[in-house]
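Per-chain numbering from 1; labels A, B, C, D, E and F assigned in written order.
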Amino acid sequence: MELASKKICDLLVGDRVDCFFIVKRVDLKTTNSKDKKYLDFIFGDKTGEISAKLWEVPLEMEDMFKESDLVKVRGTVTSYMNSNQFKVDRIRLAVPEDSANPEDFVESAPLDNRFMFQEIGKYIASIKDVDIRNVVREAVEEKKDKIMYYPAAKRNHHAIRSGLLYHVLTMLKLGESISGIYSSVNTDLLYAGIILHDLEKMNEMESSELGIVSEYTIEGNLLGHISLGVKNVDRICDRLNTPDEKRMLLQHMILSHHYEPEYGSPVKPMFLEAELLHHIDMIDARVYDFTQAVRDVEPGSFSEMIFSLDRRRIYNPKL
Amino acid sequence: MELASKKICDLLVGDRVDCFFIVKRVDLKTTNSKDKKYLDFIFGDKTGEISAKLWEVPLEMEDMFKESDLVKVRGTVTSYMNSNQFKVDRIRLAVPEDSANPEDFVESAPLDNRFMFQEIGKYIASIKDVDIRNVVREAVEEKKDKIMYYPAAKRNHHAIRSGLLYHVLTMLKLGESISGIYSSVNTDLLYAGIILHDLEKMNEMESSELGIVSEYTIEGNLLGHISLGVKNVDRICDRLNTPDEKRMLLQHMILSHHYEPEYGSPVKPMFLEAELLHHIDMIDARVYDFTQAVRDVEPGSFSEMIFSLDRRRIYNPKL
Amino acid sequence: MELASKKICDLLVGDRVDCFFIVKRVDLKTTNSKDKKYLDFIFGDKTGEISAKLWEVPLEMEDMFKESDLVKVRGTVTSYMNSNQFKVDRIRLAVPEDSANPEDFVESAPLDNRFMFQEIGKYIASIKDVDIRNVVREAVEEKKDKIMYYPAAKRNHHAIRSGLLYHVLTMLKLGESISGIYSSVNTDLLYAGIILHDLEKMNEMESSELGIVSEYTIEGNLLGHISLGVKNVDRICDRLNTPDEKRMLLQHMILSHHYEPEYGSPVKPMFLEAELLHHIDMIDARVYDFTQAVRDVEPGSFSEMIFSLDRRRIYNPKL
Amino acid sequence: MELASKKICDLLVGDRVDCFFIVKRVDLKTTNSKDKKYLDFIFGDKTGEISAKLWEVPLEMEDMFKESDLVKVRGTVTSYMNSNQFKVDRIRLAVPEDSANPEDFVESAPLDNRFMFQEIGKYIASIKDVDIRNVVREAVEEKKDKIMYYPAAKRNHHAIRSGLLYHVLTMLKLGESISGIYSSVNTDLLYAGIILHDLEKMNEMESSELGIVSEYTIEGNLLGHISLGVKNVDRICDRLNTPDEKRMLLQHMILSHHYEPEYGSPVKPMFLEAELLHHIDMIDARVYDFTQAVRDVEPGSFSEMIFSLDRRRIYNPKL
Amino acid sequence: MELASKKICDLLVGDRVDCFFIVKRVDLKTTNSKDKKYLDFIFGDKTGEISAKLWEVPLEMEDMFKESDLVKVRGTVTSYMNSNQFKVDRIRLAVPEDSANPEDFVESAPLDNRFMFQEIGKYIASIKDVDIRNVVREAVEEKKDKIMYYPAAKRNHHAIRSGLLYHVLTMLKLGESISGIYSSVNTDLLYAGIILHDLEKMNEMESSELGIVSEYTIEGNLLGHISLGVKNVDRICDRLNTPDEKRMLLQHMILSHHYEPEYGSPVKPMFLEAELLHHIDMIDARVYDFTQAVRDVEPGSFSEMIFSLDRRRIYNPKL
Amino acid sequence: MELASKKICDLLVGDRVDCFFIVKRVDLKTTNSKDKKYLDFIFGDKTGEISAKLWEVPLEMEDMFKESDLVKVRGTVTSYMNSNQFKVDRIRLAVPEDSANPEDFVESAPLDNRFMFQEIGKYIASIKDVDIRNVVREAVEEKKDKIMYYPAAKRNHHAIRSGLLYHVLTMLKLGESISGIYSSVNTDLLYAGIILHDLEKMNEMESSELGIVSEYTIEGNLLGHISLGVKNVDRICDRLNTPDEKRMLLQHMILSHHYEPEYGSPVKPMFLEAELLHHIDMIDARVYDFTQAVRDVEPGSFSEMIFSLDRRRIYNPKL
């Protein structure tokens, strides 16, 4: 008989349930004192993550599961170190008959990815300088498949399915409204900078189609998405014969968008749109992180320490 | 016979002119090798500043001029250390018959101060929380005279007549458009933070009605506008019986808006609107500084090193 | 039959004892592999702290204990990770018939709190400037109940019952003797600064009457005891009509006493007594920490790494 | 009648001479008190630099001289602020009849540039990996004209004619001898890294054929020689179809060779040859700077403060 | 019956073996939930280290083993937290009949220590200045026993038997080849600096004759090897009547060889040989650490994070 | 006829006077535009310093004056760059007939040096540990001549005649009173540390008998007074056969007394008396600097920026 199913955010200690989860991580480990093997999982669904253990591992299961698999699991919710944990009794890979769509079990951007792609296309179309527009269009076109599902980060802000598209689109909206306030802003440059700035995260990190990043690529480690981004624009500009000044401006915006050398930018922004690109990037990242941080926090209370926010604990005002 | 008059930005080496200028600084000095007294001025008008010397100082003129005076000057434009300098032949204080209005000779915010004050009033009226609205209204009301002409700084961004009003109004527009993009932003808090954040600069610095800051006040030095701002809100909340939570939130926004301890914020922003306040403040300051920096710079060239921008030289793109 | 009782500092691995302890922390946890609940305690008495476990938790005990409770415990001393641990066999709340006074089981300042309060009162009386004296007297009077038991910190120096009184009194003695050496010191300012500098720790942290701090308050986190201290003096000065200069001097001393921005002082000391306040605070904190660090260290050996002393290991000289 | 001629390093206060000098800098200025124009020069020859003034400037001379010009000058050596200064009486551009070769008046690398180029060619030929060898050969070949005279810096180490060639060749010798000591070093990678690491300084700075740098280029400022170097290798590898791994390794060495983010390297060296490249670069720079610093310093004395050596004063041991 | 023996680097999970190991660390601990005692070891041999547990400890074994003991062990290889672990079934101290030489079970420098000592002697002999040569010879002679086996560090680079000799000899080779390239280098100073720079590590750390450091000495902690080194040279120079200038130069090289104050050098190098000493020290340390880091890493992969290399992960190029 | 004489602090612009001054610095310079030689002086007396010029320099006067000379001067007080300047009309070296004692024209410690030496002797006599007492007595005895007049610094705190004695004596008084408050302080160690900590400043700097420091010595630059101090104690302990532990403790106090590595202390204080030594040193330095800073400042005003106080402007409270 099928047990009740629940979302991760609703699980309570003592619940006994049947659920579909995505495998976010899995390791075969051995218990300390007894030398028995067990599987150590992190499961996820749209609402959160939970650590889980399968204490008796049949031999055939030792290598059965990998990241981004959708699994059906039966078990009990226990408590460990003040957090919920899931004790697995049964587990199997999802099968077509389950009619369970993996995408329904990962957190995704709140907007449809095709819609976001279209919206970004409109911003590209609004770039008046034909050289700049062509570079941007080409850069997006080349990655039009991966961009549909890539997150914007392995952890931290926008580490969700289609998170990169969502990050870029929201930044474009910010760029548009800021440009409406300051007449000196060149929107061609600003929109181009916004769209190009993080594109090479798609070569810096390996992501499954569910938007789950398993690791950084070798060139991601050795060169980083900023240098990859500069090279990428260079390659496209070579092909499109983009004039030198424009190529240089686009590359400077990518190069300087992290602002501080210790965050990877060897030069600081030296023209207005490069400067704005940084601040718009910060705002979108911070709104995401602050909003996430207090999602489950009562008004009048603090979140846990958030590492990506310099270990701050974020307060949920009681208004 | 009256000579031609010119704006400072139009003066060329060799020009001989009659001009009205504002005295931005004046010192009585003695020449190095000859022990002769001279007056060392900085003159200003709406278009810029120029260093000037009066080489032979009649005794009665030694103490005649002070900062913010409007003067009528005749002299010649020379060059010193690659900059223009003004050699004064005659100088006198402006008199009513000159029909010269000092305000016409200082750089002012590009919008009328009464209009800006009204616009800010509309934002205040839009604050739904009556406690917060009352605190903000009271804080502005108390300073309604000085706020009409105060600059936002002694040097750097918005160091112009009515610069503070202009800085606040532009930040409110930014806050409004950003809040339109992120539904989680509480505009009551954000607008209040924006309006309150720099108000005590009016007690931190001494400014003439022309918006020229001669110096920091003693309590400006010993306490700083951030601590003064916290105290000011405290005093107003005491009078208005503002609930503790709201008082604390407003004070935290003031306290954290410089973000880094070394820039004067003992705590980092701990809720979303405090975080946004900082970034909005940065954007408005940086747009101002970048725009100023390249005002006289040819496209395709760099500005001088700008100290308030970490000694960067700003580039004017050639598009 | 009652077993022998021991102080925590005397417990040896293998001891089986009946003791009264104060609960310094308690959490209900679940064992990793077995999902069984247990209570994880930190117990304390006048002589130190010990980690403890109650492995089988009757349902009615799950919520029975909380911080600052006095409990009677029977159990065995074991060893875990090179430290002593206490395995609880029986535990109950202390009852009046036990005739056990909780204050006898927490570390307290070495002087009687009423005596210390009186001594501080003498220093207040010695302040010649009536305005300053009144502010200080008022500030202490308002907190005369809490100051009797508050510690000076959650951890680190003077984190003991009545630690704040003891810290202030010792600093006053230092201030008095230093002023005897340098005639330029104004003792009115210095004594006032010493007494006021940490008073708002009583609003920054929540402490039980045993001097055990459970957590920081919300305004402790959002504003910090330094800003709270400035506001507090402002409020009192408003009421007492204290002249502006004196109010400002007192506030500057509070504001600058941590010296470095990254430790919470937005301004550095700008007059002599503010500068001295910082060094006197440092000396008293450091003597406390160094003395504690080597309390149980053999001459010729080093302590463990002390986190509050930049992870130094402190040496006990062999003289 | 022709006066005696002297090298700059031999000039003494009071000397009256006829000399050929290179113009290292020239500005038209106006005297402070008199508003008279004068030309402010820095002259150089193989042995050093001297500040110079032409106090009465005929109109036709105001724009006659520019950087890197060879001039013939008559004048007197004076002293100003403890340094020698040259008071110009007569000055004219050198003419063919003078039979004076500008190259004889600038400091050059101590080895012949064609010889150095050849030697570097031998190191290239010794690279066993054909892909790497081709990239390096191509990169050098493309710049074979400019590399003959470019300095390695605007100021500081190797800021002399053909300084870049000399810097690279000496580093190759260091690399060769270090590789002879550690068998794990891959000389293909190391030699390639050495030759490529600074090549784009030739696009970062504008140099005359005398090796005198007037200024940084726009892309030198906006992108820097490190990013230019990565792009340059990318372009060459595209053309030569260099395998991805090798391209990435070469680019990583360029990217990381300044080691610290604040000196322009967004990543730290992550393999042995990249790490060695940095230290070899440091050694060659430091030997140059230390040797220069004490060139004119008596044994047993200190040099002036050297800015490129963190303001150290360098000691000349008395052995 | 004897089981197979294996080197640590060859052990696989599930192996059951008889081995000789060196005890690198041993602690008597108690299990968390059961309060049973066990011995927690780190074993080592020439090829690496492995964590090990003896779960049931007979009373007589509780204090039987100490660091640097050679033991014979039977047990099984298990896995814990993704690392191999050794479950000990039997263990005893090695006895003469085992004919097992402890030195065969610790990692040693790749060259024979007597050979290295001799080679260093040749460098000493090549020092032309008789004062400097005598100081160096005396300093080495005084420590000629301990230097045969001392490592150069407790952890990190050259933390192996005779590691100090090996570090010094390799640095001398580097110094020799670098001096061959730069004629301005005084090899007397450089060789002396290299040999003297770390000698007092032999008083800063306690090492067994197997080159295993158990701890820092008291004076190692209170003064550090740099100050000890300065004092040591002073004492020797007093005895040998070394001229002041030479004594001072030698001491400056020791004092400045860590370069940065936060790494223990109160002064920066102020002459060439002191500067070179630092860079040569760095190169030898870094080659060691990088080579170690990738010893077991597949080409095309990264090592774990290396703490002594600022937490970098080192890449093994795939060429 | 003799003109009136005045102290430097009393000179007013326009005064024409005959004065005795001490030459604090003198340079032969040449005027910029005219190439005429002049002497550029800094004169001092007990009350301050003044810049001075002798515009026409007779040949025989070019080398007549040097630092620490007492001169008789006639001239006029002028103003340059907002500071007083002295225009010299006549100048000659003081002669015996002037009956002017150079010591009356330099700022000295406010106590008699023989008295201070005696007082320090009493503290030495109070050291109970005979080994420590002997080291301290010997160290002072060896320098008993120079210590009578040496300042404690070239600039900044206690840069006056006998400043070192005064600094040490005041610190001893502080140490005594602090030890009266904390019973755990070992006064033997603390007094020894105070007396020894700066003694080697007498070898780090060259001072005339007037307490005017012309420059740092070579070993002052290459080793610094901290390392010199450690060596000095080592040498004395060798001679006196001081036990190792005591020698080490004394050296650690010297080594750590600057606290931060970037101020020259390679180790931080690791026992209580070493920690206190640092804070006592700071207090005495800061009281000196703050008191000096406001010596001529009106109550209610700020001093100039003080470089030794991190560029703070010091406030003189208006009480």
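Keep in mind that, in the parts below, a residue touches a chain if its C-beta (ideal position, glycine included) is under 8 Å from a C-beta of that chain, and two chains touch if they have at least 3 such contacts.
On a predicted model such as this, the values are computed, not experimentally measured, just so you know.
In terms of the stated touch criterion, the partners common to chain C and chain E are A, F, listed by label. Looking at which of B-C and C-F shares more C-beta pairs in contact, the answer is the pair C-F.
Over half of the residue numbers found at the chain A and chain D interface occur in both copies, marking it as a same-residue contact. With chains reduced to the mean position of their C-alpha atoms, the one farthest from chain E is B. Set against the C-alpha centre of chain D, every other chain centre is closer than that of C. Chain B and chain E have Cα centroids lying 62 Å from one another. We define each chain's centre as the mean of its Cα atoms; on that basis chain E and chain F are separated by 46 Å.
Averaging Cα coordinates per chain places chain A and chain C 44 Å apart. With centres set at the average Cα position, the gap from chain A to chain B is 41 Å.
Multi-chain contact residues of chain C (touching two or more other chains): 218, 221-222, 249, 270, 300, 302, 313, 315. Annotation, chain-chain contacts: A-B, A-C, A-D, A-E, B-C, B-D, B-F, C-E, C-F, D-E, D-F, E-F (touch as defined at the top).
On the chain C side of its complex with chain F, the touching residues are 129, 170, 173-174, 177-178, 180-182, 184-186, 188-189, 245-246, 249, 268-272, 275-276, 279, 282-283, 286-287, 290-291, 294, 300, 302, 310, 312-319.
Contact residues on chain B toward chain F in their complex (touch as defined above): 27, 29-30, 32-33, 35, 37, 218, 221-222. Taken together, the chain E residues at the contact with chain F in this complex read 218-219, 221-224, 226-227, 230-231, 234-235, 238, 244, 248-249, 251-252, 255, 260-262, 264-267, 270.
Only residues 31, 34, 55, 76, 78-82, 85, 87, 300, 302, 313, 315 of chain B touch chain D when the two sit together in their complex.
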